[in-house]
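Look for chain A in each of the two complexes below; its partner is chain B in the first and chain C in the second.
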Partner chain A sequence: MSTVLLDGTEQLINGLMYGCFYALIGGGFTLLFGVLRRFNLAYGSTIMAGAYAGLIPVYLFNAPVLVLFVTTIVVSVLVGLLVEFCCFRFLRKGHELAPLMTTIGMLIVIDETIVYLTDAVGLKYPAPFGDESLALGPFLIRPDYLAILVVSVVSFSAIFYLLYRTRFGRAMRAVAERPDAAQILGVSVRHVNVLTFVLTSALAGIIGFFAAVSVGSARPEMAAWLTGKGLVVMVLGGLGSFPGAIVGGLALGVLEFEAVWFLGSSYRDILAFAILFLVLIVRPGGLLGTRTA
Partner chain B sequence: MEYYVAIGSIIGIHAMLGLSVYLVAISGQMSFGQQGFFALGAYLAGLSTALWGLHLLPALVLGVVVAAAVGLLVGFPALRVRGLYLAIATFGFGEIVRLAFLNVRYTRRIGDRVVGPNASEGFRHVRYIYDRGITPLEYLGIILLALVVVVILFYFLERSKLGAKLRAVEEDEVAASMIGINVTRVKVFGFTVAAGVAGLAGGLFIHYSSYIDHDMVALPLAIASVTYPIFGGLGSFVGPLLGAVALVGLTESLRTLHGAREFIYGALIILTMLFRPRGIVDEALVLRVKGWLPLRAARRPAPAP
Partner chain C sequence: MLSVEGLEARYGSVAAVKGVSLEVGVGEIVGVLGPNGAGKTTTLLSVIGLVRPAGGHVRFLGRDITGLTPDRVAAAGIGLVPEGRWILASMSVRDNLLLGAYLRQDGNAAVAREIDRVCEIFPILRERQAQRAGTLSGGEQQMLGIARALMSRPRLLMLDEPTWGLAPLVVEEIMRVIKRLNQEGTTILLVEQNARQALAVVQRCYVLAVGQVVWSGTPAGLAREPLLIKAYLGAAASRIR
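What follows is the complex of A and B.
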């Protein structure tokens, strides 16, 4: 095989694995958007809060990574419930921009609290998967990317099962489709909203853990970066389409890795946003979306 | 004194950004990309005075024209989508501009300084107002003068037929097109003027601070510019002005509180939205205030005999 093809394939594998991570972020945004028809800009901050909180037992008691992982998820869920309570529950209906603004307010509150408590210094994160690359035939693979792949497949399967095989999933899809009709048929919209927040925030915990592990530290810039990627993936796939988020995430991952390898890292983000802009204009509904903008 | 002059300058510049978002918002759209036009205006105006030796006024005008032209070019395709899609598309545009400036290098050595956009170093040493001996207070006057010009423009725009068309498009696009309004043209017009206003803010900013870099036109600036009109209210151009004065003023007056400052800022936004979801100066308030004005009362038709 020629080197170009070989390199291209290696980046394709890496891109697909890292794309799973993007798909997780996009999936979280999409589930929230699908059910609430609202946009939660504080989601990136929820992820970051979990990632930072996971470090507390490690720094205090030198706890093992599993404790860190569980703490991350638990704290993310708590923060998610706080966001729901402060930004959505008491909001009057029929105002599109108000929830955008309340979540921006929440984003500022969470981010600044973290910056204040940590003096804006990145905190070192443990590397539970080692940093030795695994050899798979001619290709080198990072172990943490492999872990991301496994965890994403498990998470996606769980979410698909929940959405399409359980009563709660059916209620969620009903609320996403027609909230008022679902309410009349006896589905508690508020209940579904809260449970959706619990679900997506648990996902946020997983995302936060891997986001911090893959760069080796928890940093305050995380939130903005995660929000940017999440939005791009969500729009690429089509707003509110969960399978779309997976496709969008994988596409973005592959695209970025190939771009870094062949064009250089300074083009990575420009390319991502240029593609986003083009997709929006040519196919406003996203790759798998059916709803028109 | 210098401190208040600095705050005044920042308020003036941010108020223009707020007005820029507001103009897009009153046709029912939301832009997270005005910082891209701000950056374009800043770089063009900075280049004009620092490298091409232009006077401040033509430099600002050039910045406005280029920002507006790009607004027109971006607006045509971008305004085909709306709502959240547009918010994200415009944010994508803003990021493209920011990342482009992160890679652009066009410098010249003047004396012992390297002047011009210098990739990640940013655009430094725009020393026009220092070289001409313009004091910060005088420059604040220039900023406020520009703001007054923009506000007068907005005042007449709101009362014009075009302003009514923008509001009609926000209310109901289908109905607006049924009564013969060219919805796309109205939206693109609003977007273009808004881009020009953001470009003006950028041009004024780079001469105020003497430099700009890509970090200054990232997501936080987008969030700030969107916050002013939504917090201040979308009922009238007074809303974004009030938003900029209140929020910049609040940030500055809480400076001694360190960590608690941003906390209060965020909490205030949440509380305001819970009680006034369309901002402080919403349509209802505008109507009520107009009812108080004697001017309005005089124009009411006389009761039928």
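What follows is the complex of A and C.
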């Protein structure tokens, strides 16, 4: 095999693994949007808040990484519930744009709180998976990316099981499709909304942990970066399509890694938005989107 | 069983229902007739809780349910087959039926028996269970809408124009089923523009126009009101005997 092909394949593998990470972010945004039909722009901040909070037991008690991981999830869920309560619960029906305002407000509050508490300095994150690349045949694989792959597959399987095999998942899909029809059958939209926040915020905790681990630190720029990627993946996959978010995330991961290899790393972040514009022009419904956005 | 008193409902500044009162007794089958825009649908939506009443009261089984959210009204025992059916098109027929049983706490076996029962009422649904509900024909969707509402074994079933836009044979089947359900003990509130069909099955009826009850009585009594029929129930009803 030629080096170009070999390197290209290695980037493909890494891209797919990192794409799982993007798929998780897009999946979180998409689940929320699919069920509530409203954007939650504070989702990136929810992720970041969890990632920072996970460090508290580590700094205070030198707690092991598992404690950090669990703290990340718990705090993300609490922040998610706060977002639901402050930004969504009391808004009246039919004001689809109001949550844009309330969640941007919440995003600023969370970001500024973290900047204030940490002096905007990035906090070092543990590297639980080591930093030596693993050899997979001729390819070098980052161990944390491999962990992301495993965790994503587990998370997505769990979410698919929930959505398509459980009573609550059926209610969630019904609320996403026709809230009024779900309601007259006895589904409480409020319960579904709150539980959707719990679910997506738990996912946010997982995302926050791996985001910080893969970068090596928790940083205040995380929220904007995660929000950007999440929105791009969500639109790529077709607004509200959960399988679409997975495909969109994988596609973005692969394209970014190939672009880094062939064009240089400075193109990486602009690429996401270039792809976004292209898709919006060529396939405005997203890659797997059936309904028009 | 159901008692609506002085119900008022508005959409923004438009008053759609202006003081409607009606009663449905246990085991009865009661019709609500009236022209397009009379406020029939709004009345049902106010009862189920999707439209918040601006005034008046809704009582069900002796309990004030005015302003409750729809999930709690459904839990109290009221089923609605809404105008336009509101089928969950992307989900399977079976998932639609299972959602109809969302409130049931009596276990999977009981729900499976209930699916069996509604499939006996509408045999076509049995073979369509795995199909996406959106691929059903209009008549089949209406049957699914009724079957789904029956899954929770409601004490009161409200149907909003269940025969609208359907072929004559299907209309007949659905009216037969409504009559049978009532004979088997379900209390029914039937909203219809198709007065002739409705009057053949109901025991009593209300005529609504511009948000108010303009007449109420038995089908036989209505047949003696040619002016009322002409004014509110249109040409299709003029053959009422």
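In this section, the second predicted complex is superposed on the first by the 293 of 293 C-alpha atoms of A that agree within 3 Å, B and C clash if a C-alpha of one lies under 4 Å from a C-alpha of the other, contacts with A are read in each partner's own complex, and residues count from 1 in each chain.
In this section, a contact is a pair of C-beta atoms (placed from the backbone, for glycine too) under 8 Å apart; a residue touches a chain by one contact, two chains touch by 3 or more.
Note that this is a predicted model, so its numbers are computed, not measured.
Peer 1: Just to be sure I read the superposition right, which of the two partners does A:270 touch: chain B = first, chain C = second, or both, or neither?
Peer 2: first
Peer 1: For A:188 in the superposed arrangement: first (chain B), second (chain C), both or neither?
Peer 2: In the superposition, A:188 touches chain C alone.
Peer 1: With both complexes overlaid on chain A, does A:180 touch chain B (first), chain C (second), both or neither?
Peer 2: In the superposition, A:180 contacts chain C only.
Peer 1: Between chain B and chain C, which makes contact with more of the residues in chain A?
Peer 2: For chain A, the partner with the higher number of touched residues is B.
Peer 1: For A:171, decide between first (touching chain B), second (touching chain C), both and neither.
Peer 2: second
Peer 1: Please indicate which partner A:86 is in contact with in the superposed arrangement: first for chain B, second for chain C, both, or neither.
Peer 2: First partner only.
Peer 1: Which residues, counting only chain B, touch chain A once they are in their complex?
Peer 2: By the definition above, chain B touches chain A via 25, 30, 77-78, 80-86, 88-89, 91-93, 95-96, 99-100, 102-103, 218-219, 223, 226-227, 230-231, 234, 258-259, 261-263, 265-270, 272-274, 277-278.
Peer 1: Applying the document's contact rule, which stretches of chain C touch chain A when the two form their complex?
Peer 2: Interface residues on the chain C side: 48-50, 69-72, 74-75, 79-80, 82, 86-91, 95, 98-100, 102-103, 148, 152.
Peer 1: Sort out for me which residues of chain A touch chain B in the complex.
Peer 2: Touching chain B: residues 39, 86-87, 90-92, 95-102, 104-109, 111-113, 115-116, 224, 227-228, 231-232, 235, 239, 266, 269-270, 273-274, 276-277, 280-281, 284, 293 of chain A.
Peer 1: Within the complex, which stretch of chain A touches chain C?
Peer 2: On the chain A side, the touching residues are 167, 170-171, 173-174, 177-178, 180-190.
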